[in-house]
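I'd like to ask you about the structure that follows.
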Amino acid sequence: MIDKFREDVLSVVDHVHDGASIAVGGFGSSGRPDVLLDALCELDRRDLHVYVNNVGHDFTGVGRLLHEGRLRRVTASFPILQEFYDEYFAGKVELELIPQGTLAERLRAGGSGIPAFFTPSGAGTMLADGSFTLRYSPDGGVAEHVPAKEHRMINGRQYVLEEGIVADFGFVKAHRGDRKGNLRFRLSARNFNPLAAMSGRHTFAEVEHLVEVDALHPDDIHLPGVFVDDVLLATPAPADQPLMERSAS
Amino acid sequence: MTRTLPATEVTGRTREGIAQRLAQDLKDGYVVNLGVGIPLFVPLFIPADTEVVLHAENGVLGLGPAPEGEGDPDLTDAGKQAITLMPGAAITDSAMSFAMIRGGHLDVTVLGALQVSAAGDLANWYVPGKSPAVGGAMDLVAGTPQVWVTMEHVDRQGRPKILPECTMPLTGRACVTRIYTDLAVFHVVDGTLRLVECAPGVTPEQVRERTAAPYTEDLHP
Amino acid sequence: MIDKFREDVLSVVDHVHDGASIAVGGFGSSGRPDVLLDALCELDRRDLHVYVNNVGHDFTGVGRLLHEGRLRRVTASFPILQEFYDEYFAGKVELELIPQGTLAERLRAGGSGIPAFFTPSGAGTMLADGSFTLRYSPDGGVAEHVPAKEHRMINGRQYVLEEGIVADFGFVKAHRGDRKGNLRFRLSARNFNPLAAMSGRHTFAEVEHLVEVDALHPDDIHLPGVFVDDVLLATPAPADQPLMERSAS
Amino acid sequence: MTRTLPATEVTGRTREGIAQRLAQDLKDGYVVNLGVGIPLFVPLFIPADTEVVLHAENGVLGLGPAPEGEGDPDLTDAGKQAITLMPGAAITDSAMSFAMIRGGHLDVTVLGALQVSAAGDLANWYVPGKSPAVGGAMDLVAGTPQVWVTMEHVDRQGRPKILPECTMPLTGRACVTRIYTDLAVFHVVDGTLRLVECAPGVTPEQVRERTAAPYTEDLHP
């Protein structure tokens, strides 16, 4: 019988190897899977390639991974964190900067068996023409550029070819989830979470509320359980509270 | 195609029997899409302690048995038949449904075939001259890691359907991973066919007489 | 103030011109927008290009359009109807046959500003190699083939390039809808409806229940109103029943 | 870039005033995405009888005003600020949000600019040497039919920001359709700039002195 719920976060995240690529949900701190990200730190994982919209504005979430030197590359649209840029310009972390909509669509495409698609976003700009710096050298020079992307005129307009992202792992946070992995998000905490889940070859979901299998109506499920491998609690339940609950939205 | 009919008579599994044999290979937790025909018998034979999640490409994950009585017109499978839902079922739109399929999130697709080639090519959507319709077959065989074919071993004229090359239009290339027929079970291993099992009462010779494609034998008694 | 509800179906569908392309939701008769399709017949529209999964199994819905000779071309995965094939082989209607997942993705892509994407579905088959007959000539010969599609090897696998579909109009059916155009579907009647709505430059939605604007929770809306231009009742309300209702699922 | 500063002093619209002027051009029913900076003043000036649906690229369609008090951490705009929702609001994931944007389903995007070129090219995401971040800007200018720029007419050094060609990295080519500054309103018509309005108390000469790009004049009194 299918039961994807796991009580112990560390033993689940232990499957993530050094050097892994991880698609991470969340927009800023909204809907960000902090329990999963923190587990990477406790397990001392390094050399990670993270696909995420923002690095964050402080040393929590992906910001903590950055601060502890665990990131090899970040693929993002809006990293923000100043310490991230310091590390980037020092050649300690790579930045593949892409438009936000391209990040969303690349994650969805990778999870959907679409290896590449054309988009107008970024066509003819330095994010597509091969001039953006992926990695600086320690002396401040350019060590490597993001490769130029294929451009094509379609119906008189210029488009750029972008690749689907299949990450080794998906890290997501949901409001409610059941033991089959079905997820439901709350308000704008949904954002990149369903897409990060789709992109991961193996996806972990931390949920605020674990609900019974028939508590989510089939029409109300935002992400079907087929995209989720392990379900964890976002906040370990206090001892005096029941693990299982049927919460209202 | 010009082979003469085999001399010996042979009776292997029934259509239900093919589905029953295949159902033994489904593992707990598998997500499976079932085509029309023989595959629709498969759910009858899934053991009670094995949870197999059934997917229909019109956007249903977690199909239950047919309803008693009329059914709900808003709840049908990909063959437009009334269905029920299992606990934990989820509904999606068709793009998300095929995202699951194409993205490799299903485990097995079970479908019928007109022909299978020695390399695992599949022809199952179009008999030239007849009415062409493809449905989700090309997506299913392109996206699903395991593509299991169920079919009669030979056609109504007694001609082999497992051939060196398909002569009918392909559904996909090198996509089939297993073939379950009335006479035998084949696995496709490293791009070549391997006979792994004969049906009860069927001999390897009888299978050979009715199979035009080359294959190796690795029979488990 | 935004109010997309229209009482009179014919005056709305009157915007559809002869020769228009229409993306139509539904899977078989499930979720099919029959009120809108019937209006095309009453308005005597002809020469239509319909994107739809099935023509149907009888002379209702798209089947009626076919039966009345209103179709120039059908882009579909599973036409089924025998009379459709009779007309096709007689050269009276064109058939662009595509895989079902490709139809779904092409509709979504077109509505999403993605002009083309690569998919493995159909690569190397006669649905992609230029050998499928788009149109027969009256004498039974081939008048025109569906053009060959670009193939490309990506990471050792063969893919085919498919184009997004932007239809002149989207015709969809929903279970519930509000005056802002927000839609919610019921069970497997959802199918192609959100995608057909996205694909249409101008989209009509017939709804079984018109609900008040705050009756659908923002997390429960399957298709935001931004994709819908006009909302109609799927079944005109009897005179003794209130037009507006707040129905449970 | 080597132009000397204009001799005359000029005082045009305030930042709020630019937003107020732009808000007059928003039509009932428009769906609008607002960038950070001056665009965030726009909602203050939308007339009560005009319904403008505000979109945030993190998946919110139908933003309301800022909450009184703390707000809900699960309900923020694209600038991570707490928001409320209007009746009829809808939430989507980020892929659907950008499907709306890229697919042309919004009417107007309003954003700030570092530079705008004579052909309507926009540079607004990256000052070389500073910290690069792009967010949804490239998708917004690629997908939205009307791209309205709000900005100061000249930079802090008094140098024109409306130039023959942008010297900073582009966000998009030939995408800007209108420019609202403290001094003037330009429309981009057939790929060229047209001055359609000077701010109250500003003369066409003062605009010309502070604009490096060529443009035509079609001033409505």
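As written, the chains take the letters A, B, C and D, and residue 1 is the first residue of each chain.
Going forward, contacts are C-beta pairs under 8 Å (C-beta built on N, C-alpha and C of every residue); 3 or more make two chains touch, one makes a residue touch a chain.
Note that the coordinates shown come from a computational prediction; the quantities given were computed from them, not determined experimentally.
Which chain pair shares more contacting C-beta pairs: A-B, or A-D?
A-D
So how far apart, in whole Å, are chain C and chain D when each is placed at the average of its C-alpha atoms?
36
Quick one: report the Å distance separating chain A from chain C, using the average Cα coordinate of each chain.
33
Between chain A and chain D, what is the separation of their C-alpha centroids in Å?
30
Give me the residue numbers in chain B that touch at least two other chains, ranges are fine.
Answer for chain B, listing residues that touch two or more other chains: 91-92, 98, 101-102, 142-143.
Which residues of chain C are in contact with two or more other chains?
105, 108, 112-114, 119-120, 185-187, 190, 218-219, 222
Report the topology of the inter-chain touch graph, choosing from line, ring, star, complete and other.
The chain contacts form none of line, ring, star or complete graph.
Every touching chain pair, please?
A-B, A-C, A-D, B-C, C-D
Per the contact definition, I'd like the list of chain C residues that touch chain A in the complex.
Touch residues, chain C against chain A: 105, 109, 112-120, 154-155, 157, 159, 184-187, 190, 217-220, 222, 249.
Using the touch definition from the top, list the residues of chain B that touch chain C in their complex.
56-60, 72-78, 80, 91-95, 97-98, 101-102, 126, 131-139, 142-143, 169-173
So in the complex, which bits of chain C are touching chain D?
1-2, 108, 110-114, 178-180, 182, 198, 213-214, 218-219, 221, 224-227
Looking at the complex, which residues from chain A come into contact with chain D?
Where chain A meets chain D, its residues are 27-31, 53, 57, 77-80, 82, 85, 95, 97-105, 107-108, 119-127, 132, 158, 175, 185-195, 222.
State the interface residues of chain B toward chain A in the complex, per the touch definition above.
28-29, 31, 49, 51, 53, 55, 61-62, 85, 87-92, 96, 98-106, 142-143
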